[in-house]
Amino acid sequence: MKYMAMVGDKEFTIEINHEYEILVNGERYEVDFRQLPEGSVYSLLLNHRSLEAVVEERDDLWQVLLRGELYEVQVQDERAYRLARARGTAVSVTGEAVIKSPMPGIIIKVPVAAGDVVKKGDTVVILESMKMENELKAPRDGVVKRVQTQQGASVEKNQVLVIIGDPHEEG
Amino acid sequence: MKYMAMVGDKEFTIEINHEYEILVNGERYEVDFRQLPEGSVYSLLLNHRSLEAVVEERDDLWQVLLRGELYEVQVQDERAYRLARARGTAVSVTGEAVIKSPMPGIIIKVPVAAGDVVKKGDTVVILESMKMENELKAPRDGVVKRVQTQQGASVEKNQVLVIIGDPHEEG
Amino acid sequence: MREDGLLTQKFDKLLIANRGEIAVRILRACHELGIRTVAVYSDADRNALHVRYADEAYHIGPAPARESYLVIEKILDVARRSGAEAVHPGYGFLAERAEFAQACVDAGLVFVGPPVHAIRVMGDKLMARQTVQAAGVPVVPGTEPGLNDEALVAAADQIGYPLLVKAAAGGGGKGMRPVYEPEALPGAIAAARREAEAAFGDGTVYLEKMIEGGRHIEIQLLADAEGNIIYLGERECSLQRRHQKLIEEAPSFVVDEELRRRMGEVAVAAARAVNYVNAGTIEFLLDKDKNFYFLEMNTRLQVEHPVTELVTGVDIVQEQLRIARGRRLRFQQEDIRMRGWAIECRINAEDPYNNYLPSTGQITMSRLPTGPGVRVDTGVFTGYEVTPHYDPMISKLICYGETRAEAILRMRRALEEYRIMGVKTNIPFHQHMMESHRFLSGQFDTKFVEERFSMNEREPADVMEAAILAALVAHRQGQQASQVVAPGERDTSNWKWYSRWERLRR
Amino acid sequence: MREDGLLTQKFDKLLIANRGEIAVRILRACHELGIRTVAVYSDADRNALHVRYADEAYHIGPAPARESYLVIEKILDVARRSGAEAVHPGYGFLAERAEFAQACVDAGLVFVGPPVHAIRVMGDKLMARQTVQAAGVPVVPGTEPGLNDEALVAAADQIGYPLLVKAAAGGGGKGMRPVYEPEALPGAIAAARREAEAAFGDGTVYLEKMIEGGRHIEIQLLADAEGNIIYLGERECSLQRRHQKLIEEAPSFVVDEELRRRMGEVAVAAARAVNYVNAGTIEFLLDKDKNFYFLEMNTRLQVEHPVTELVTGVDIVQEQLRIARGRRLRFQQEDIRMRGWAIECRINAEDPYNNYLPSTGQITMSRLPTGPGVRVDTGVFTGYEVTPHYDPMISKLICYGETRAEAILRMRRALEEYRIMGVKTNIPFHQHMMESHRFLSGQFDTKFVEERFSMNEREPADVMEAAILAALVAHRQGQQASQVVAPGERDTSNWKWYSRWERLRR
C-alpha cells in the first residue's frame, strides 16, 4: 500500500511493506505504534527510537504535535492522490489564496484594494482582536481579486476577508 | 421527583422541587451543575458554594471523588427503592457479606473455617500481592458460611474467597 | 483607614476580582493561609478553574470584561452578598484603577494592594516621574509635562536625538513615537497627541531620551503598613514583543551584587516617596554603561512574580495577604538571599510562524510538564475555550536551575514535554529562543525579539518523518473505521495490519 | 576501572534499568544534561511514560520483574544493541545488587552508583556494622555476627531489654523479632532464624538494643571519585507503616544546626570507610536524648531524594550523572545551605479505610496538582494500569514552604487538588496526617503510624451532601440517556430539567 504525505510544500512517499515495516521516501523504518487511552496520543517506536505524538484532524489536515512543534500533514493514499491530481485539486502553490479571519474581531484597516499587486508578506488586513492589532499578510505573491470586508466591520472567525489570485490570471 | 441515596449506612432523601432547587433530607439547595469536557468531572454550585467532583459508576455504585475523599454512593429513584425494599434487595446490614479478592495474588493463610463465629475486623484471609501480605477482614459480625479458597491458591481479582452470614442464620 | 486610602486589618474571606491563572494563583495562596475565597465569573467562565477551585462563586454578567470583570459595582455587590471582607484585584482589569481601590475601602473592604494615593500618583506618568525625581531617583532625561509644541521642539535639542514622544496618560506603546532627527519631530508630536487624545482622552505629551540597547530590569518590592520596605532582587524582562513581555528571568545576566544593591535601594526610595504598602515593582531601563533610569511603578502583583519566588523562596502572594491583614514584614533586607536561577516563558495562544496571530478555539488536550524544577501556573484545562474576550495567555511555564544554563536546559525539557492541542501556541518561539546564541550568552535588549530574532523553520528531517508516520497511523485508523461501513472497498492487507494492531492495543 | 570496581568516564548515552516515576526522573535529568536515553520495558509497560519520554526503547520480556527488569543479561544485551555507555539502576530492582554493578563495569559500562566493593560491604548488615564501627561511627549496641544461641542469650543480658533479633541478610523487617523479656528470647531467635533461612537462604542472626521512641533520620551524601564527600543535610522518615516510608521531610523537626553537623560528619566518615562514590544515604536511628546510631547505608538514589533537592537547591540526579562522568564535585560543604522546608507524601494505590489493601485497576483520570511550591514525580497517567506486578506507588507529591507550617498547609492544598480516579489511594491518609496534632507538633517516632494513628472517618455533612448531589446528577444523566432508547418511559419533568441543562452546557 502506498501513500503520499505533504507537510507544507514538502512531499513524502510512504510504502507499507509488511505489518511493521514502512518506507518513507525509500528509507526503511521498523514501526511499532500504540494509540494511548488519553485522547489522541500515539506512542511510536521507529527503529527503537521513541516519539510521542498527539494527532488530531482539523479541516482535512492532520495536526501532529511533536516535541513542541505542530506539523500540518496531509495524507492521501495513492489512488486518492492520483485522482486529486487529475482533478487539479491537489495542494499547489498556484490558485486562489483565501485570507480568512483567524478569530472574531473588528477590521481596523484594509490597505489593499481589488487589482492591487501584492508580494508575499504584505499586510492585507489589520484586525483588532484580543486587545491587539493583528496584521494578516499575503501568503504569496499575487493580485488582489476581491476584498470582502471593510474598515470598521465586525467579522466572525473564518470569515473570508480577501482573495488573492495568480498574477497572470484575469482580474 | 424523589430519590434515595445511600453512603455507607447513611441514607438521604432527595427531592427535586424545581429545576434548580433540590432538597436533601429536607434542606434546600440552589443547585447549578455542569459536566466538564474532561471526562466525568462535574462542577457544582450549591447555594454559591463551589465544589468539583469526579463521578464514575462502578459495580452499580457511584464513585464520587471530592476533596481527596472517595465516596461510594448508591442512588435509586423512589419507585426503584420501594421495589427493591419489597424484594428485599435493598442495601442492608444483614444478609451475606461476600469477601472477594481485591487483586490477583496468592493465599497465604485462611485463619477461619466454615461455622466459625467472627467479629467485625477479624482477619479471614491473608493474601500476598504486590510484594505485601494483606489481611482481608470481616466487614461485620457473623458466622463463616463458606470458605471458597485455601492456602497456597492463586486467586484472580474479585474472586469470592469467604462468605459470612448472619449469626442467627442456619449454617 | 489611613488618610492616603489604606485599610489593613485581619480578614477571613476574600473576593478575587479576576479570572484565569492569576485568580487560581491567588486562590491557592488563600487556601494555604486558611482564607476562604469568593470567585466571580462571566458567562464565558462558568467552567473555569478559578470557579471550580474557589469556595464560593458568583456570576457577574456577560463575557466582555467591560460588562463583568470591569464593573466595580458588580464586584462590590458580590462582596456584600458573600460577606467577603477583602478584595484581591490580581493584575490587569481593575488592579491599577484608583477609584476601585477607593470604592473598596469606602465599602469597608481591605484592598490587597497599595494605598489609593500611591496608585493615583504612580498611575500618572508625569506625576510619578516628578515624585520619584524629587526623591533622588534617576529618570530618563526628558521634558517637564504640559509644554506646548514650540517648547517641546526647543527642549529636544538639549535632550538630543534619538528621542521618544510619549503620552502622559496610558501605556502599552499607545501615543508613543520614536524620533531620530529634528525634521521629524513636529509631525511625531502631532501624531502622538492625536493618538493619545483618541485613546485616553488626554493629548498631553512629553519628550524622553531614547536609550539604545537598553534592558528592562525591574525590582520587586514588599512594603508593610509600618513603613518597612525591602527589595527581592531584580527581574530581567527585556524579551518583549509589542511591549508584551514574553520571557522573564531572575536574576539578570547583567546585574551584579553591587548594582543589585544600588537599584534596590533606589527602588525602595521611589516606593517610600508615595508611602507605598504591599507588593509593587519599579521598572528601570538599564543602559549599556549600567546607568539605570526609572520607567514606571506597577502598583500591583505582576505576571512574572514567580521567577522571584523561585530564587528568593518567598511566596509573594502570601506576603501580600499578610501585609493586607496588617502584619509586619517577616523579613529584613538581609534575610533575602537569592539562590539559583529562574526563567518564565509565557505560553500564548498565537502562531509564531504566522506573525504571532492570536489563535482561538477549544483546548482539546492539556498535559502539563512536571517533575523537578518545573512550575506551571495556568487557568487552562482540557476543554477550555480560548476566546477573543480575554488575553491569549494559556499558562506560565517557570523553570528553576542551580545556574542560568541549567534553568535554560530544563526549560527546553519542559517545553518539549508540554502537550497542548486545539490552538496554535508560541511554544516553538520559546524553543527557538532557548536555542538562540544571543539569548544563551545573555546578549539582548528590549528590541531583540522584534528586530533581531527570527523563526527560521527548524526541520530535523527525522522528526518530520515521525510526524508523517503519526499522521499516517491516524489516517489509516480513520480509514479502517469508515471501511467498516463500506465493506465493498476493504483492502485485506490493511485489515491484516489493523487487526494485528487492535490485538496489540488490548 | 578502579580496584574496588568503579568506572567513571564521560558518556553520552545512558540506559535506565528501571521503570515508573524514577525512570522518568532519571530521563528528565539526562535530557537536561544532553545525555541520550535508552529505556527498557516489559510487556506491561509498552505505553509507560518512561518509554514515551526516552529517546529509545527496547522490550525486555514479560511483566513479572524477575523475567524482565531483574534479568541482568537482558539489560546488558540492550546496552550492547543500543550503544549505551552507562547504566542508571534507579532504586529497587538491580540497584543494590553488587553482581549487576560488576557485570556493568565488566562490560565497559559506567554504572551510575558506587564502587562494587561499597555495595557489597554495605549490603551485608554485619559487615557494614563492623566497617563503620571501626571508622568511629556509633551503632546500636548489639552482638557480633555468627554467635550461637547460647552466646546470644548470654549477650542479651548485657545489652538489656527490650531488644531486637535481626537477620544478617535481607531487610524489609523479615527475620526481625522484638523481644521484651528474657523468657521470650530463645523462641524469637529460633523464629527469626527460620524466617531468615526461608527468605534469604541464610539463618545468621544477631541482637540489637531496641531504641524506643526512635526517629528515622537519614543523611544524604554526595561523593566524587577524587574522595570529596559532602552531606546535603538530613531527612526525617519516621512516618512508616510495615517498614515502608509514607511521608518524608527535610529538614527534621528535631535536628538543629549542631546535630546536623555532627550527624553529617559521622555520615561522611561512614562513607569514607568504604571509599564511597556517587549519591548515597546513611540511615540513623535518633533516640529521645539525641543519640544517633548507624542503621544502614543505602548505596543508591532514594525515593525521597526530592525533599533534599527542594531545600538545598541541588539536583541530586544530575550530580549523580556528573560524578559518574568523572567530574569533581561542584560544591564544597560550606556551599550547601538549606532553605525552607519540604515534605513528600507517597501516593499509593491502597485503601486507607480498609487496612491499606492494595488497589489495582485502570487509572481513569489523573490530574496533578500544580502551582507554587508543588512538585509531582510520577509515571502514572490517564489510562495507566495499576497491576500487582510492580509496587503500588502512584506518585510522589512534594511541597515546599518557607516554614514547616507552610509546607504542610500547601500539602493540604495540593492533596485536595489532586484528581485521581480508578483505584483507591491513600490521599485520605495523608490528609488525616496533615491535620493530626501529633504530626503538626513534630511529635512522632517510627511506631507512630502503626501504633498511635487511626483513620477516624471525617464526615463533614455538607461535603457528603455535595457528593450525593454529584452522584444524583450523574445518575439522572445516565437515566436520561437510557430513556432516549425507551421513550415510553419518559418523565417529562425530567426532560425539562435535562433540556435546560443541555442548553446551559453549550
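Note that the chains take the letters A, B, C and D in the order they are written out, and that residue 1 is the start of every chain.
The working rule: a residue touches a chain if its C-beta (ideal position, glycine included) is under 8 Å from a C-beta of that chain, and two chains touch if they have at least 3 such contacts.
Just so we're clear, the structure is a prediction, and the values are computed from it rather than from any experiment.
Engineer: More C-beta contacts across B-C or across A-C?
Structural biologist: Spelling it out, more C-beta pairs touch across A-C than across the other pair.
Engineer: Going by the average position of its CA atoms, which chain sits the greatest distance from chain A?
Structural biologist: Following the centroid criterion, the farthest chain would be B.
Engineer: Please report how many Å separate the Cα centroid of chain C from that of chain D, as a whole number.
Structural biologist: 38
Engineer: Centroid from C-alpha atoms only, then distance chain A to chain D, rounded to Å. What do you get?
Structural biologist: Centre separation, chain A to chain D: 48 Å.
Engineer: For chain A and chain C, what's the span in angstrom between their mean Cα positions?
Structural biologist: That gives a centre separation of 31 Å.
Engineer: If I count partner chains per residue in chain B, which residues reach a count of at least 2?
Structural biologist: In chain B, residues 34, 38, 49, 52 touch at least two other chains, as defined above.
Engineer: Can you pull out the residues of chain C that are in contact with at least two other chains?
Structural biologist: 53, 367, 381-382, 416, in rising order.
Engineer: Spell out the residues on chain C that touch chain A in their complex, using ranges where they run on.
Structural biologist: Interface residues on the chain C side: 242, 351, 354-355, 357-360, 364-365, 367, 382, 388, 390-392, 415-416, 418-422, 424-425, 427-428, 431, 458, 462-475, 477-479, 491, 493-494, 496-497, 500-501, 504-505.
Engineer: Which part of chain D faces chain C closely enough to touch in the complex?
Structural biologist: Answer in residue numbers: 24-25, 28-29, 31-34, 53, 306, 309, 313-315, 317-318, 337, 339-340, 367-368, 370-378, 381, 401-402, 406, 409-410, 412-413, 416-417.
Engineer: Which of the residues in chain A end up touching chain C in this complex?
Structural biologist: My answer: residues 1, 3, 5, 7, 10, 12, 14, 16, 19, 22, 24-25, 27, 29, 31, 33-35, 38-42, 44, 46, 49, 51-57, 62-71, 73, 75, 77, 102-105, 129-132, 134-137, 157.
Engineer: Considering the complex alone, what residue numbers of chain C touch chain B?
Structural biologist: By the definition above, chain C touches chain B via 39, 46-47, 51-58, 82, 362, 381-383.
Engineer: Hey, which residues of chain A end up touching chain D in the complex?
Structural biologist: For chain A paired with chain D, touching residues are 34, 36-38, 43, 45, 48-50, 52.
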